[in-house]
Amino acid sequence: MTRVAVVGGAGYIGGDLIRILLGHPEVELVAATSRTLAGRRVDGAHPNLRGLTDLTFVEPDRLGRCDVLFTAVPHRESMGQLGRFAALTDLLIDLSGDFRLRDPEVFAAYYGVEHTAPGELASFTPGLPELHRKELIGADRISVPGCMATAAVLALHPAAVEGLVTGEVTVDARTGSSGSGVSAGAENLHAERSGALRVFAPHGHRHEAEIAQATGLPTRMTATGVEAVRGVQVLCRVALADGADERALRAAYRRHYADEPFVRVVAHKRGQYRYPEPKLLSGSNFCDVGFAVDPAARHALLIGALDNLVKGGGGGAVQSMNVRMGWPERTGLGFPGLHP
Amino acid sequence: MTRVAVVGGAGYIGGDLIRILLGHPEVELVAATSRTLAGRRVDGAHPNLRGLTDLTFVEPDRLGRCDVLFTAVPHRESMGQLGRFAALTDLLIDLSGDFRLRDPEVFAAYYGVEHTAPGELASFTPGLPELHRKELIGADRISVPGCMATAAVLALHPAAVEGLVTGEVTVDARTGSSGSGVSAGAENLHAERSGALRVFAPHGHRHEAEIAQATGLPTRMTATGVEAVRGVQVLCRVALADGADERALRAAYRRHYADEPFVRVVAHKRGQYRYPEPKLLSGSNFCDVGFAVDPAARHALLIGALDNLVKGGGGGAVQSMNVRMGWPERTGLGFPGLHP
Amino acid sequence: MTRVAVVGGAGYIGGDLIRILLGHPEVELVAATSRTLAGRRVDGAHPNLRGLTDLTFVEPDRLGRCDVLFTAVPHRESMGQLGRFAALTDLLIDLSGDFRLRDPEVFAAYYGVEHTAPGELASFTPGLPELHRKELIGADRISVPGCMATAAVLALHPAAVEGLVTGEVTVDARTGSSGSGVSAGAENLHAERSGALRVFAPHGHRHEAEIAQATGLPTRMTATGVEAVRGVQVLCRVALADGADERALRAAYRRHYADEPFVRVVAHKRGQYRYPEPKLLSGSNFCDVGFAVDPAARHALLIGALDNLVKGGGGGAVQSMNVRMGWPERTGLGFPGLHP
Amino acid sequence: MTRVAVVGGAGYIGGDLIRILLGHPEVELVAATSRTLAGRRVDGAHPNLRGLTDLTFVEPDRLGRCDVLFTAVPHRESMGQLGRFAALTDLLIDLSGDFRLRDPEVFAAYYGVEHTAPGELASFTPGLPELHRKELIGADRISVPGCMATAAVLALHPAAVEGLVTGEVTVDARTGSSGSGVSAGAENLHAERSGALRVFAPHGHRHEAEIAQATGLPTRMTATGVEAVRGVQVLCRVALADGADERALRAAYRRHYADEPFVRVVAHKRGQYRYPEPKLLSGSNFCDVGFAVDPAARHALLIGALDNLVKGGGGGAVQSMNVRMGWPERTGLGFPGLHP
């Protein structure tokens, strides 16, 4: 069994990662750290795990060696402790924002702090198998992209890489409250956050930079908190390039994603679920992508949806581990989501 | 104009009280206090009031005299400052739990602290016009009952006072998240509280004592937090007394409530809204009450619903003020609630 | 008292119109029609109105004369019966889509049917006092704009009319389930619609044409159903014209809306409610508008929010009636909305 | 591979059963029937299954033989077609209400129709392994109990069978909207059902009879629809028998459920999730049970929670199949549920 550990196991992404790892047949979860809950049971923080584990959280400083280390920590913390983390493991999978952007200047502009380990940026492979499967096979440092970025990149990728779109992308991103994390402030109290349509980032959201980096397209993104706990949906508006049409788009999506285990193309003519919706994806590692072409306007709406804690978090990390370790990519990630 | 002030104006009950008072044609809101937000605009804490007031919060200690003083403060604080509050006004309307129970021993048992002003308990009239209208006319201290207590007392009152029920009442109370207040803890984060069916008081809830006191019936109450921001619903299960039946119940409810401006009897044979539901009552001062008789079992389910911040809070306080001041009882309380 | 009647009183907009009219001090509601519920109590369809009215629905064909007639009917029905409606009243206020677009060809393109009374299109004044107050004073036919259109037009108007924006507007509109109406299909069952982020109109929504008509800006709109019963929010993305900046925008919004009774400018630097959110507006006639400027991109996000059944429906109709009749514009529309 | 089929595959229970069966390593789903959707893809009705199956629905009459047949049909239909269903399979697992009650008179009283196959009632074993594991091993007809009944029976069983409670049980049951089924009426439209606290069965609900039958305790049950799609929670109020106390209850629950794969005892002293909550159980086959003792009153509240479509539907059926076929009981049922 491969021995894995999670740094930052008390958070929402850490918790969902633990859930997935406990059901993964190839790994043994040997430790989960939490500064605030050290010594307490893991299923106290994550009550869905009752009966599945008797593990207790350990102090981050007491973490021992393991085969795979997942770091689900706030940004700054990963780059600050990279040396220590890297020394503990053969394969480091980071879920913070610290190693997602390749350019330290872009990082500084979007995160408002200087990167403290710019020389290490290039050592990380993006944890997005759909774009980086081959590189992941040999990677020993993986950086899992942001949740909204993953949805947008997967929605845009076939169109972008095949030159079917042109100009600037505008991304309208919607996200549930779990994205604010377990230590969110009073503005996330249920009485305040319930029923919200809260434009929390009219521009300049950090995931915007990831989308631009991965697609090569200039990107403008707006982020709104919506009434949901889990779930991300992005609407990406693009202009069609000359010669591009719905048929070409459909062919491109089919070509790129026909064999992808976790991307489904959802672009139907009718039916209530004819475009991607995150409510179908809670707990699932699928990213559904779809498109709608407005022929009159020569525009397309490219839509992506996922569970921010799974495909946009712990699930994406485990999928990347599976690729890296040579295990079947679906291992431990079989839950398809629910309806209704 | 009657000059009114609100102590504890930054809380949810205080805020809804301010909303009602700003629309009340007989009063002028001269001050609202907040320890944490002193100097800040009232509509910063209560953004629904934008455009309706330019008032800023004042320090509690700087509050001046007024004609009517509403104290929307946590329990202990009202009894601790009673002398000061009483000196500031002719009419004191307290929305805390401190003066709801007449018996200091019952208070101590339910609140876990000794009452510090037991001699003043008798000086307060319950702010429930349906049971105490005449006494309210001459009152100069009014204590507004708890939200779940109000719903249960109004649901039970006609049956109890006419001797139609016997034995113990069991109350199953459900409440939205606003009842936890603006300074609720991390367990009330949206991601945790959303979709909850949280049995937070399987027994011993403080409102239980109020129901027993007001109805004279031994009472057992369970309280569950449900997915809602506003709203309380109580299901009161009672045994029918000898000779009591549905016809007698219906007659009793009609007799007691036919002329009540804010109690509606909702007990229909069919239709989706045939029993009281709080979702229809958001923002409204109505308390809907209804009943369903199980003739085989000689049991009845008496149901009450209200908005905990209006009829179970600020609206009940204003209704009591209206009675006390001789104004039409509906003044300032005309909003009927919404559908859908 | 002015005698008013509502055609289509069993629907959601009709019902909210009835609620408002019952609380309006200058009018008497003399009739509400419903084909399916004729002879049944109005408060059966709209249970929030229990205790406020004993009215029963009448057959549409049995409707008599009145001073003001509101027609809250599906599109096609208003134009089909215009002659009959007009003969029944001095002032006709139509809430259908039939008389919102001035150009019959645009109507045909967006509604998929030919307009059957194109010669009458010019006889209607838009029921949007913020843009058409003077014309409304003398109007005897008023057409209330669509809910999403109203939000977008009010969000865009100051910037558009002052030339601060240029190029195409893209509108990302979000709406609650009440917009689908009381006779919505199985795709609107709670189990299906709950938690939805349903892109139901990626392009070509009818309100798009209204926005373009009212602002003079080429418009592309996408509409998504979100988890809410009431409420519309629009995010309008625009390019800033040369010389335009945040200061100019702020000045324009202040200038246009400072004296508007039902438009509030909400564009704060901080705070959880720093942009417009419809959850604060349920039951209210306010349309909150705000903006966020991205100076680097020379773009602005103009945001509007309202309650689709009030400012985007019955409330907008009553506000227009108030203007037309010379009554204070806020009459009957005082409810400010709730928080939390 | 064991060949299984589902009658009634377009419904919500049928759909979740299909989801579970598609992930079950021992079975092959060979057919799913639907009268209305015959010829259409299964993943059209259940969009979460996209990418997991290419199956299309077949006409019920064209169903061939299989090893295990699940019948997820409305009541009356199972008893009406029992002969046909039984002839198609070796193992019949019925999810309707037709074979849950052993006494045809009780059936007639609760269902309002005569049982048409009373002689077959005894041929069915209840699909509740926690109470009937041994009988299930040899069963060839299994009847899965109702969702609220399952929650209540599992919450009550240890206390009932060990004589720790006495007198009548009152059950306060809460359920999400999926319990109304895929063909629910207009009262289940999102705009109507959202935010509901709808007492749809103040007494006489059919599951009441199942609880009384399984526990031997006289039972009174009230059922309320709450704001949720999935999920059942029951609060069972009982009087403690002489000598019974919290310690005895705790011991009884531990004894009965320590080795149960799908029952967890949740009765903590503190923490926000100290009692069972269905929101943690969406998609999971767990039934969480807990208790709270009021020593003063000699009462206990026994609480159960589950996902009505899994443990209270398709999951309970598959668990029973696993027992009957000698497979590990958890096979295909490993998803633990999510937090947050």
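We just call them A, B, C and D in the order they show up, numbering each chain from 1.
By definition in this document, contacts are C-beta pairs under 8 Å (C-beta built on N, C-alpha and C of every residue); 3 or more make two chains touch, one makes a residue touch a chain.
Only a predicted model underlies this, so the values are computations on that prediction, with no experimental measurement involved.
Q: Determine which of the two chain pairs, A-B or B-C, is joined by the larger number of C-beta pairs in contact.
A: B-C
Q: Based on mean C-alpha positions, I'd like to know which chain lies farthest from chain D.
A: C
Q: Determine the centre-to-centre distance between chain A and chain B, using the mean Cα coordinates as centres, and give it in whole Å.
A: That gives a centre separation of 45 Å.
Q: Measuring centre to centre with CA averages, how many angstrom lie between chain B and chain D?
A: Here chain B and chain D have centroids separated by 38 Å.
Q: Could you tell me the distance, in whole angstrom, between the mean C-alpha positions of chain B and chain C?
A: The separation of the two C-alpha centroids amounts to 35 Å.
Q: Spell out, as numbers or ranges, the residues of chain A touching 2 or more other chains.
A: As it turns out, chain A has residues touching two or more other chains at 12, 178, 182, 191-192, 194-195, 229, 273, 340.
Q: Along chain B, where are the residues that touch chain A in the complex?
A: Answer in residue numbers: 12, 176-178, 180, 182-184, 186, 188-195, 229.
Q: Once bound in the complex, which stretches of chain A touch chain C?
A: 170, 172, 174, 187, 191-192, 194-199, 202-204, 220, 222, 224, 226-228, 231, 233, 235, 237, 272-273, 275, 277-279, 292, 294, 297, 299, 301, 303, 305, 340
Q: In the complex, go through chain D and note every residue touching chain A.
A: The contact residues of chain D facing chain A are 12, 15-16, 19, 22-23, 44, 46-52, 178, 229-230, 264, 266, 271, 273, 280-284, 286, 288, 334-340.
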